[in-house]
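Both complexes below contain chain A, partnered by chain B and then by chain C.
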Partner chain A sequence: MWLRIFVGFTIVALISPILVVIPMSFSSASFFEYPIPGYSLKWYINFFNNQEWVVGLLRSLTIAIFTAILSTILGVMASLAVTRLNFWGKKLFMSLMVAPMIIPVIITGVALYHSFAPLNLTNSFLGLILAHSVLALPIVFVTVTASLKGMDRNLEWAAMGLGSTPIGAFFKVTLPLIRPGVLSGALFAFIISFDEVVVTIFLGGPNTKTLPIAMWENLRIQVDPTMAAVSSILIVITIVLFLSQELVAVRKARLKKKYSDN
Partner chain B sequence: MVLGNSLSIVNASKYYKKFKAVDDVNLTVNQGEFLTILGPSGSGKTSLLKLIAGFEQLSNGSIILNDEDISKQKPYERQIGMLFQNYALFPHMTVFDNIAYPLRLRKTPKDEIKQKVESILKLVHLEQYGYRYPEQLSGGQQQRVALARAIVFNPPLLLLDEPLGALDKQLRKQMQLEIKHIQKQVGITTVSVTHDQEEALTMSDKICIMNHGRIEQIDTPENIYKHPKNRFVAEFIGEINLIKGSVVNVSEENVKVKFHDSLIADIERKKDSVKEMKDQSILIALRPENIQVAREQSHFQNTIRAQIIEIIYVGEAVNIKTVTETGEEITAKIPAHISDLPGRGKDILLGWNPKDASLIHDGTPLHYY
Partner chain C sequence: MIEVKSESWIPVKQVSFSQRLARFTGLQWLLLFVPFGYIFILMFFSMADFFKLSFFDEDGFTLEYISHIFSTDVYLKVLWLTLKISFLVTVFSLIFAYPLAYMLVSTKSNLWKKIIFSAVLIPFWISLLVRTFSWTILLRKNGVINTILLDLGIIDHPLELIYNTTGVVIAMTHILLPYMVLSLYSVMAGIDQRLLQAAQGMGARPWKAFIQVFFPLSIPGLLSGSLLVFVMGIGYFITPALLGGTNTTMISMLIESNINTTLNWHMASALALVLFVTTLILLFIPLLLTGKNPVLKELE
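== the complex of A and B ==
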């Protein structure tokens, strides 16, 4: 009983400050103020009418999608190497794989700026995708490695014994079984890239002003409830992504059950 | 119906650094035969199976299947059906898709797949279960699906890795017979690996006993049990009494062995048993069930007097533990319905027939841990 109350309190304390922006975004006032004097959609209209916001959103989505794809492919390959092979320096390799998660982001930002600038990768989509992938790789690596460790290795042997090539066995047997891990890794990678600010400030330029950067600049110059509208949109996107992942899992379980009842 | 093909393993060795997992093994499995490799853990039996399947590469020697050297081939080129201990059914596929998997890899036409899968499901008595997922089946059913998947593509050879290890005792007995019947019906050459001697005795046409990477004996279950070739085999399979003695006389049919200083036993000479020589020290190997007990006089040719130290009731039989004057322990197993047994501490006469004992060399110590 006390445990429940405590947990409930914690959740409310953590989430309520975030959720406050949602009613605020529907305010008719020109400043952040409580109580809300009236309701209006004008900040959402303002958002979609402003070229800078919309372009920023599209850029963020594009970069996040490519980051998710790239870091997932690399992360899965790294996880396979770590769980399936024994090689010299494996422990070191694993620490290096998760290093971007531990090193302060601002250091990563400075370092990436110094190494990307001579290669003309600043102020470019490719540069941001690569940089975000560096940040997203550890989380993909960790989730996929966990799924691979939980998988029965005999299944791969069995597939090969039945006549499958190792690559065939990976796509037909291993990948379907670790798919939940891979999907959640990809989802986290997407979200890490989607709201990345620090590294993007270092590497970005006028061509690559993503939504979080646009928000950052907006905050510094003027504060109007458009910010609240943008934040609400971001929150909704995040929630929808995570819920859809859950729904897929639930539907699959139900389908399986239906078969077994026949 | 599938016809299996003969398998030969020639001078096969596998080294892990300096450790010899498989040490110069030679064996042949004839077409349609069921061979069980039996041994304690670390005897190299699983390594040998992995070598045949292609999951490990030989250090030396060759593996010949159907007149073709397959030792350099990758597992997926070898066309060998394999049954794993934990079934290794693909959990994300239905029973039908699991069994169809090897057929699809071989680009079998769709209607042929359907027909083949359905007929093999019939063979393993699971016609109704094609659309279930493995997790919805019992252990025995999963095992049968795994067996169906391993033989549906007509492989020349079937490998079983501790096939019944995960099942409970009752089910294991049932599955032993079922797998054996299916194997005979399909006629597929089969190599099984187990540490369960009862399973080996029940299922096999031939048993190969391994220890320290080497083959100790290959023979029919009956011959392995009745005429173990050496001390390791004798002690590994079933219960056995080993009595120290030395050869005093060798004739055409019998060997006379002196034991306990003064007693003489007649032992029938077997065709391919050890080369007995006069004065050679030797062990008389005697199964407990071949020993009869009597109070005063025994009509058996070979007898020895001993004191009862323990009587253990095991259901259908009674194990009588005795100790001889020279301190050797001998166990006799007699049917439980014999009731007039003397009690603990009493003297008794143990007797056996010349043909029921075998002779093995002394000196191979028992160490297989």
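== the complex of A and C ==
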């Protein structure tokens, strides 16, 4: 009984700090007053009228899409290498692939800044996409490797036995089977890039001011209530993405069940 | 007139692109070398190049920067505070995460399971900046928590909850808790629940069965979760930078200010090296104890 009360409390403590922003974003006050004096949509109007926010959002989306593509390609390649090839130092290779997840982001950020600056890759989209892909690759690698390990390799052998090339077998047999894993890996990569601040603080510049950087500067200098509107929009988008990811997972489970039933 | 077919060239045999590629042997090694090269050049080459700055300056090899960190009070204070905050965050997230994870494995109701999983995973995917911003609204002097406590008459003066260690610890616990829950859950899910039933069947009280049977079996998860949270804690930047005050500088903030404000790259490099070596040592402890890499656990 006590356990339930404590767990209930923890759940409320986990969720409520996030939900508290949503009513604040509809407040008519210029400061985050509580209780809320009146309701208005002015902070949302502010958001869509302010070039800095809207352009930042578009930039973030562009960078996140390219990061998702690049890191998914690299991540799938690394997963295939680990599950399909035999080579010395496989464990070391795997540790290397997940290292960016564990090494403090600030170190990655500063180190990349140090080597990108002489190459003119700072303040550029390419630089940010390359850097974000480093951070997103591990999660794709982990997700895709897990789905490749769960897959029946006999199907691939069968395809090759029937005359398919390894590449053909991958695209026609393997990829459709591991698609849910690849898709969720790509989604994770997208979210990581879309939310990335630390590396972008160093590598970004006026031409690449993404949404998180605009938010970061806003929080650091003066907190503008538009921030509450931005946050609410992001919260809603994340919950929608989370639910769609859940749907993918449910479909994956159903596919697996169908497959094992046959 | 007889119409002449414009297409005079007819392929004898259609050779697909993938078949043509298959003629090259050893092509599969690209799968290994492309991602390896990418991470190696961008991550490790950059890092090595950057860490070189902590030992070499215009005058050649020097240990001045590294020794400066361990001999200056200001830097030592920052190191101590970084460890203290990470330790507190680890302890608090363990206190809150353990019952959650236990509930996840022990409950039979699917609804509870779904609720707990969503409560843990939804905040996990919500933007870090949004979560930190929410805590500034909640913890401010005239913020939500202080207003509610004052209205209820529990306190007379607003509590100092933000721009100090308290605020940083509260927000970081909230942010790092999911990692702890997932680590604990992955170990607890493998514990045979029948062991508990057996203990109770032999006359142990539920509490005793938990302490003597379940808890010892969950220790690997407890250790790997604590280690993960602690390691992530010492390198944290965003939350302490926004919620900490002038007296709550953590090592990552010092690295940032050395680069962006004082432009002292050598000092920044030395600090980053200290952080990096600490992280590596902490990650090597379980590798030495159990012979398993905690990071790769789920892929084994």
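Simple rule for what comes next: the second predicted complex is superposed on the first by the 235 of 262 C-alpha atoms of A that agree within 3 Å, B and C clash if a C-alpha of one lies under 4 Å from a C-alpha of the other, contacts with A are read in each partner's own complex, and residues count from 1 in each chain.
We adopt the following convention: a contact is a pair of C-beta atoms (placed from the backbone, for glycine too) under 8 Å apart; a residue touches a chain by one contact, two chains touch by 3 or more.
Remember, it's a predicted structure, so these values are computed and weren't measured experimentally.
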| item | value |
| --- | --- |
| Three-chain arrangement built on chain A, chain B and chain C clash or fit | fit |
| First (chain B), second (chain C), both or neither touched by A:Trp157 | first |
| Contacts of A:Thr165 with chain B and chain C, given as first, second, both or neither | both |
| Chain A residues touched by each partner, larger count belonging to chain B or chain C | C |
| Which of chain B and chain C A:Asn49 touches, first, second, both or neither | neither |
| First, second, both or neither for A:Pro176, with chain B first and chain C second | first |
| Partner chain(s) touched by A:Ser28 [first = chain B, second = chain C, both, neither] | neither |
| First (chain B), second (chain C), both or neither touched by A:Ser115 | second |
| Vertex chain A, arms to chain B and chain C (CA centres, degrees, nearest 10) | 90 |
| Minimum C-alpha separation between chain B and chain C after superposing on chain A, in Å | 10 |
| On chain A, the residue positions that both chain B and chain C contact, one per complex | 165-166, 168 |
| Sites on chain A touched by chain C in the complex | 3-4, 6-7, 10-11, 13-15, 17-18, 20-21, 24, 32-35, 74-75, 77-78, 80-81, 84-85, 87, 91, 93-108, 110-115, 130-131, 133-134, 137, 141-142, 145-146, 149, 165-168, 171, 191, 194-195, 197-198, 201-202, 212, 215-216, 219-220, 223, 227-228, 231, 234-235, 238-239, 241-242 |
| Contacting residues of chain B [partner chain A, same complex] | 53-55, 74-76, 79-82, 84-86, 88, 90-92, 94, 101-102, 105-106, 131-133, 136, 149-150, 153, 159 |
| Complex interface listing, chain A residues touching chain B | 152, 154-155, 157-166, 168, 172-173, 176-177, 256, 259-260, 262 |
| Interfacial residue positions of chain C with respect to chain A in the complex | 16, 18-19, 21-22, 28-32, 34-36, 38-40, 42-47, 49-51, 53, 96, 99-100, 102-103, 115-116, 118-123, 125-138, 140, 142-144, 147, 174, 177, 231, 234-238, 241-242, 252, 255-256, 259-260, 265, 268, 272, 275-276, 279, 283, 293, 295-296, 298-299 |
